[in-house]
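A, B, C and D are the chain letters, set down in written order, and residue numbers restart from 1 in every chain.
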């Protein structure tokens, strides 16, 4: 019953065409590069990808994009990969743009079993088009729905064998949120340790959220993405 | 006047002027572009820098200490100050949206004469990115906009009305360009300072918006 | 039959039976009262106990290791297992409400014949406390109710309809009393097991609700 | 400009009659006992107290209750202090009962600048009376409003001088949420350390939330509440 998988393919067995996949990271920082690499080698299509960005051109999720495996992207900042714009122009991808705080909050709401929430962000802008406004105590808010995924692919620093996670600096970003918001959660880590080696006060993601763990084989360095 | 200075020098001039506005203790979020430069001119050690990707306590980093997993909102390498903390994106935007960040320094494409800004989309181009701009505008207690006074083709970027999609219905508090410093009071622009070398005539000429002198 | 056993012994009998239902790996929230006793009968080290006040990895604590700041939802001292973690109340209930807790073991005042329970308020008395009961009922994947089959005055607590305010519109999955084990299938009670010493006649006599035998 | 206060009275200067005060703790566990004790000695009245419980009989917030300083209590479990029921019977206190998860989530929403949210908890029960129901993707949710306070009184384990906080075991509970949801936040701690002594990855409450810090003088032990 170990959560630890030796092969990326095994960890990704649960991913099917047409699913909604949550992918951690802020650009390539904190992105699950090994799992993304695994997806590029897997025969899947029509994925809805929820991620702050769609990688960079030819890197991370950018490879998946260029393979035409992504039907729809939900994120806050696609500008950092120019290929997204090209695909969008050609009608080859659907995009849903959300303010970054709304993206993060919707994922948290999804993980917390909430249906949606009211935020001030975006009120009166084009991103409010078609969304319900509501006055609460004299302030105008926008209704935003929770986001949930079929699978979450996330990146952490260390996992213990149970699946408790700690993160590393600004590579934390969306990962702990996505860990809560999908039916199946797969994490790649720098190191797997024994239960008890992570301080109970310091664990960011408790093990009940995690289904599979793999060691990272593709990592981000100053020189870019490299095999470990 | 300012034609003698390079674009980069003008940006530093603006950043330096912004830094004068920041008196600690306060928490300040620095946007991408000119705002990033502000960090170089801070001399108050009670000004704490927040970056929306999950760090309170941003500081400069030396070349040899760069960590690819320690970056700011522009994905540029930063350092971590003593007393800093890391958090996830929902917690980071809870700080912003919840009114816990004192000042946001943002860039803008346009500002209108009520202080409403447009900084995330250009008509006719794909609308592809918004990032944290809308959250910062609704959440930060004070918003200071830094921008070039005019576009590359010499058009005023301080307009009667924005022609680009607005980022929020909230007016910013202050606008700092290479020519002038405006405050926004009662939804009106008020010129409060000329930047070094700028004349009132030049500001009048290059500002489409009405403003109080 | 069970009249030979003390109230406490009967509670342990129920707790022991509940423990048989818990096969790891799974996360289980134990309510106040009889559910707390379940911890004593667990022999599967992949059954992880969650307490809503902020700990995953509850275990028994020895008298001399009691820490007043380490307690369960009933404010009773507990220990922390290897691999445990602490979190705040919003995160704890996000786990519960979000469907991340596999099983909740709860006490109840009444259950109706569709498996809907009442366990937080008594009519005519002040409604003063609900705690985490409603959250557990909407969130836990499986809910097992433990209770005495009858009230102190001998009335059935498994009723055609609850007379006390219900805790949720969701039916529980299983009811374990000192006399019987019921499963709830298609909103109907199904008797699946007699507890040691109980007879079908006694269960029929002491159960107001209709049930499938 | 130090946040550290030597005297409880100084820390509590901001508290005024009629305000809404958020008070951390699950019963006495993680309750700011020193600050509560300070409130019992201060001339304030008509307070609205948001706290999971109203202490125990004659302990913690229970003292404030017996002093008739509490106009209204908002919490999830008042049963643990029998005096609350007596006051309620006599019409001497208003009570608002929320499911515990809703109480926690509403505080988080308040701190995060949200207006409210939709939860499944409580749907179809008496606690849903008067609250809006909404169907979202086939599931019925209840609207719950965010909660904010004028002042939060919280308990942490350690603070650094800037106000960064870490907590201790199950004494964490509502404290980190309340730290985000009030205009002024006062924390009492076991120990004050220098900035840099708390691990940046481990800090639960970043310093921007904290206004004042005092050392705990009343602490919870196995023998009950004692002066330190």
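Following the convention adopted for this analysis, a contact is a pair of C-beta atoms (placed from the backbone, for glycine too) under 8 Å apart; a residue touches a chain by one contact, two chains touch by 3 or more.
All values derive from a computational prediction rather than experimental measurement.
Novice: Higher C-beta contact count, C-D or A-C?
Specialist: C-D
Novice: In whole angstrom, how far does the Cα centroid of chain C sit from the Cα centroid of chain D?
Specialist: 28
Novice: In whole angstrom, what separates the CA-based centres of chain B and chain D?
Specialist: 36
Novice: Starting from the mean Cα coordinates of chain A and chain D, work out the distance between those two points in Å.
Specialist: 33
Novice: Can you tell me which residues of chain C touch two or more of the remaining chains?
Specialist: 80, 86-87, 90, 93-94, 96-97, 138-139
Novice: Spell out, as numbers or ranges, the residues of chain D touching 2 or more other chains.
Specialist: Residue numbers touching two or more other chains: 105, 108, 112-114, 119-120, 167-169, 201.
Novice: Could you classify the connectivity of these chains, where an edge means two chains touch, as line, ring, star, complete or other?
Specialist: other
Novice: Go ahead and list every pair of chains that touch.
Specialist: Result for touching pairs of chains: A-B, A-C, A-D, B-D, C-D.
Novice: Name, in rising order, each residue of chain A that touches chain D in their complex.
Specialist: Touch residues, chain A against chain D: 105, 109, 112-120, 134, 136-137, 139, 141, 145, 166-169, 199, 201-202.
Novice: Report the residues of chain A in contact with chain C in the complex, numbered from low to high.
Specialist: 1, 108, 110-114, 160, 162, 164, 180, 195-196, 200-201, 203, 206-209
Novice: Residue numbers of chain D touching chain C in their complex, please.
Specialist: 26-27, 29-30, 52, 76-80, 84-85, 88-89, 95, 97-105, 107-108, 119-127, 167-177, 204, 220-222
Novice: Provide the residue numbers of chain B that touch chain D in the complex, in ascending order.
Specialist: For chain B paired with chain D, touching residues are 24-25, 27, 46, 48, 50, 56-57, 80, 82-87, 90, 93-101, 138-139.
Novice: Mind pulling up the chain C residues that touch chain D in the complex?
Specialist: Touching chain D: residues 51-55, 66-71, 75, 80, 86-90, 92-94, 96-97, 121, 126-135, 138-139, 165-169 of chain C.
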